[in-house]
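Same chain, two partners: chain A is paired with chain B first, then with chain C.
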Partner chain A sequence: MSKFRLAEAFSAASDEWELLPFRFERFSPERVLVTNMVGEHLFLTGREFDDFMGRRLPNDSPLVRRLRAKHVIRQPNEQLPLDLLALKTRTRYRRLPMFTGLHIFVVSLRCEHSCPYCQVSRQSEDKASFDMSEETARRALDAVFRSPSSQIKIEFQGGEPLLNFQLIKDIVAEAKLRNLEEGRNLGFVIATNLALLDDEVLDFCGENDIYLSTSLDGPADLHNRNRPRPGNDSWERAVAGIRRVRETLGADRVSALMTTTERSLDRVTDIVDCYLEQGLREIFLRPLSPYGFAIKTKSFAAYDADRWLAFYEEGLEYILELNRRGLDVTEIFAAIILKKMLTNDDPGYVDLTSPSGIGIGALVYNYDGDVYASDEGRMLAEMRDTTFLLGNLHENSWEELILSPALLEPLEQSFTLSAPMCNECAFEPYCGADPVYHQATSGDYLGRKPVSSFCRRNMHIFKLLLERYESDPFAREIFLGWAGR
Partner chain B sequence: MIALWGRASQVELAAPLERAVWLLIDRETATSHRHARAYLVGDEPEDELPECDLYVTHHGRTLNGGRSFIQLPERFDYLTAGDILGFDSKGERVNVLWRHESLQNSVLLTERCDHYCLMCSQPPKNVDDDHLLDNAFELVRLLPQTTREIGFTGGEPTLYGDSLIKLLRLCRNLIPHSAVHVLSNGRRFSNLDFALDWAGIDNPNQMVGIPIYGPEPALHDYVVQSQGAFDHTVAGILNLGRLQQRIEIRVVVHKQTAPHLVEIAEFISRNLPFVEQVALMGLEMIGFARANINDIWIDPIDYRNELTEAVTLLDRKGLRALVYNHPLCLIDREVWPYAVRSISDWKNEYHPECLRCSVAHDCSGFFYSAKYRHSDHIKAIDPRGDAMHALPLLELAGR
Partner chain C sequence: MIERDVSFDATAYSADAIQRAAYRFSDRLSLDLQRVNGNYVCTLRLKDDLADQANDVLADFRNEVLDQTLRERIRSETEGVRNVILALAFSNTGLTEPSE
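What follows is the complex of A and B.
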């Protein structure tokens, strides 16, 4: 049919195509990952990559098509790829103008547990001087409603926040009252070990749509060794509490987080099974953070990044296997990363976003009115490093807190698009800036990437997820589902 | 196949017809309003017929009382009151414009097009056919409030510019509850003023279906035979997205596009995630598709894996995926819930094998044109062997 032109007539018109911003990582000499500026990815063979870099690809090469489709190259003066990249980039950063959605109230530093790895250095239970005062709470609420975010979540933490339950009730009532005028999307979470859960707390949570977040480290023996309390019944109380919340308030009203210790490392399937048994279908396989008692007791040094990665990999494998059997179980760390890999959304997870989530993702109001840029920043302060102390509610205005050099400097210095080595890393779009972690481990906001456990751990997981996504159709389907959550 | 075109068996007209579009009425639907109404004669005696400008009779019935009438050929016996016909001025050529019992009425607005797609089922003609648009205005004015769905196709309807906008405004005003679906190559929406005019119609039931045939310009431009088409079309979709308009992306699957289905799905989900649905469409073997059969034809069985993966990807990313024009026996079971009985009833056919198939009633079947080329793998699905799988899936389909 002479009326129709051949495919070649429409392939890239010149071999002058231009590179758009992209980064690469050699998985092996034969396998190279290429990511564009918003994290869309493709794999090239070593040969293809060399031809691409040497500009030896013919115009009608299938690889030219793939690179154009993923916005790695464009023809000169071609506008659409730029427009689409701009849209995707804007989507990725759209949370920034509406900063600080999470506000953490440390209503008491007291706790009836005495966990050796505790990251907030609990005090004994009877010291009322470690409770937040009403005046401090009021000032904290002033700050909450100064943040421009339309979504506001107030999280009560401790210590054990239920030891100061009266203040929680007052804060919830006052916040709701103020929100009648503010009209924000306001929610509440209590982070509690559930040991003190009673009818009054349950009724209050039910009446005020309050969610509960608790700790569950795995099976009873592991959990109770991690979390000593009088009676050695932390696990029993947590599990009974989870069941009560699920039965009275609804299955979605309680979630659990685990803390990983050296004793956890051989027991990931037991831990996952324990979550399933409680009806929990979301599991966050977390690394132990380098703060608080964790360092003092050498818990942190006791296992290195590689041992934790083996633990994580085994856990992820097991969770995928459960999905293969038809159980809908999600590993949250992978889900956060996959959303960043496979969509234009950044869930804004504080430890895995750039600019860092400190301050602009979360603010912490300590019992004494001190304001920290993150929960980890507070933990660091308990170790006498007050780098991330922004000021005090009784002494500083909102402007002074949010424009404090203690916030702006680490934000700017750790920003991954300008941080040395981060800026050229193929995984940058999936990763984040964690100035608090690096302050704790290396004494500056950036850290030294070649020896950073943060870096090593995350890069390993990014590779793991990408490899599984590419090679295993079943994992790909599950991952797509997690990314779309 | 239901006949939509034909020649009158007998015509008696006092004068040439002054209008082309006529709504058929009968004793029950007749009112004092005679404008553009033609009385469809039933079995009543001629002297009991109400006064009317034009009468239409079924095959074999003649009127003798000096009335203007058109007698339809036998193939139009299915027509009843509520259907709308088009006649030429002599009343000899009959064209069924609207079947009130069908949910798939599609109105051709023009045969002109600025694309020249390899597989076009309605090859473009560079002719003045503005009368098709005039007829569409007439048609919409005759439609009842209860109309549920109307489709406009071409050619390229947006070539009319403002006149198309006027027609769609009329739809919003006269049949506000009806879904209004327009097929377009989307290029004109890259002009923001036109996109604004479109959005200004402000009809929540209005949707535009726009094709994308590749994840990048080279493949798309080749399929539609127009350099620069991809950039215009995607820019148009972005404009419509900005204006929060309802968009369906249509991907016709053929030999050129099938190997790239997953990439196309990835492109849409990452760059155009605001679209309402994505339809993956089987090929209709008429028009240019027949002429280019060697470059176009692919047996659906040969891309069933790609189809499954594309549908899964779209679905998991939260986009509504639809599979049009694919018989169930040629696609994977997990894709059945996405399969739609999409082939317009008038050109819908089934294969002899379908007669003993247990899921034929849920199946799209085939285009009439499948007689020119169809899959070698059409196979009845046995209820015994497959019942355990078939039952829950069919419920999910919600048909």
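What follows is the complex of A and C.
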């Protein structure tokens, strides 16, 4: 008996085919994007699309094979595409039952920087008023271990969290002690400007496997104008800190995030070069968030979505060019989206998940015991909008916090599979519900997508990445690598 | 404000498809929808700064109504199978409580 079946065995058993759920978007009259239920994509010409929708495709046409391979159509009663789509759907949502994995402890609001766009920090020596107490920290840890997630990451934020380093040490010790019984996969991150980094902090991070996340906005002049501090040496301290952490703890133990301001917009290649000079090969070209002092000082209004998109495109092109020259550099926003586009996994990035990542992806325990559904929700509260305040650790039980209308209503109302325009959008599997962004910019959880800069920005980037993936074999290789990280 | 009327045969187009199209265009125009003698009559009001492009915007709007009609067809033809896929996907997650 032959081990191989004849080619006919693999051809369609029937002349009939029927539609599976799919969505489409016209890039132009001649180019139509089709995405299946889990976001796998193919492009059709306008003519092909018309023939497909008019059911004028002969059964042996290559296009029918392509559509069938991408689970856009199936033969009647064919079960395999349904099983595969179900498996892929389950994979995409696999994080949901785990619930909250990231727990942000705001151990102090105090900061020695005075950045104009900072949403939350306080210039104060008043420890009692702006530092988290031990009792609040204990209650926050109670909440952390009520989450069913097997992966728990505790991130210390501020203000500048190292101004309350003793509490960080206490929380790490207590969390590790409790975890002896809990057995979770427990990790720690300190989000710090590194200005106060010293041997004690470094030793502690080394002993406890703590990662450091810092801010680096680009070259010294740009960074120091963005981040004023006494001595005007924020950049020098950050760069020295990055070097020390890399040398002492290892190159992978520190990462940096940039904040984009209007002054950044024509400096993207300088910014990327600055990261490379520090040995950092991952760059997250972030938009400025519409929260807190950023909007008060008009930093947010100072540039619109189109200017930021031009900045992003130039940065992406430059990073691709660096890769072409043999440097392994990754743009993180693209990498997150490409993972959603080209694999069935979802990296769980809070701004690009639906249901929204608020609460489900992250919880924030503020210094005073207030609990927010996301870090941006905390920033919004600084603008006197407490929409995303779930309650207080000293007054509310875990059940009350998690079942708070302040969490459930935005989750339900912003869900993209029922949101107007999102539910029919071919990019929906790549995008997310961001109720906090829309609350900040339009005063409701949903926003009107045709005028939402969140929607405009994301659609533009999705199109850009898909076009590059389809048209440039080198970019395609790089993108596949980023998606598989 | 530039005002134009566009009509669609109610036997070929649904109010839902027209409304969905208008929503997508809500950065450029607003819609009043009325049913008159078997037609949907859309009174579209465009912003003044679109005066030069009014014909193009209206043509795009008409095409969008066509696309929304296709989307409606896809949704209705695939609703059953979509529910089967979702049921398959989430039947084994432990998220559902056993019925008493």
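The criterion applied here is as follows: the second predicted complex is superposed on the first by the 463 of 485 C-alpha atoms of A that agree within 3 Å, B and C clash if a C-alpha of one lies under 4 Å from a C-alpha of the other, contacts with A are read in each partner's own complex, and residues count from 1 in each chain.
Criterion: a contact is a pair of C-beta atoms (placed from the backbone, for glycine too) under 8 Å apart; a residue touches a chain by one contact, two chains touch by 3 or more.
Values in this document were obtained by computation on a predicted structure and should not be read as measured data.
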Return first, second, both or neither, reflecting whether A:37 touches chain B, chain C, both chains, or no partner chain.
second
Per-residue contact with chain A, leading partner among chain C and chain B
B
Kindly classify A:20 by the partners it touches after superposition: chain B alone (first), chain C alone (second), both, or neither?
second
Once the shared chain is lined up, is A:83 touching chain B (first), chain C (second), both, or neither of them?
both
In the overlaid three-chain picture, which partner chain does A:450 touch, first (chain B) or second (chain C), both, or neither?
second
A:473 in the overlay: touching chain B, chain C, both, or neither? Say first, second, both or neither.
first
Which residues of chain A are in contact with chain B in one complex and with chain C in the other?
83, 87
Interfacial residue positions of chain A with respect to chain B in the complex:
1, 3-7, 9-12, 40, 60, 64-66, 68-69, 78-80, 83-84, 87-88, 342-344, 473, 477, 480-481, 483-484
What residues of chain C sit close enough to touch chain A in their complex?
20, 23-28, 67-68, 70-71, 74-75, 77-78, 81-82, 84-86, 88-90, 92-95
Under the touch definition given earlier, write down the residues of chain A that touch chain C in their complex.
18-24, 26, 37, 53, 82-83, 85-87, 89-90, 93, 96-97, 420-421, 424, 448, 450-451
How about chain B: which of its residues touch chain A in the complex?
116, 118, 214-219, 221-222, 225, 227, 230-231, 234-235, 238, 256, 263, 266-267, 269-271, 273, 291-292, 309, 312-313, 316-318
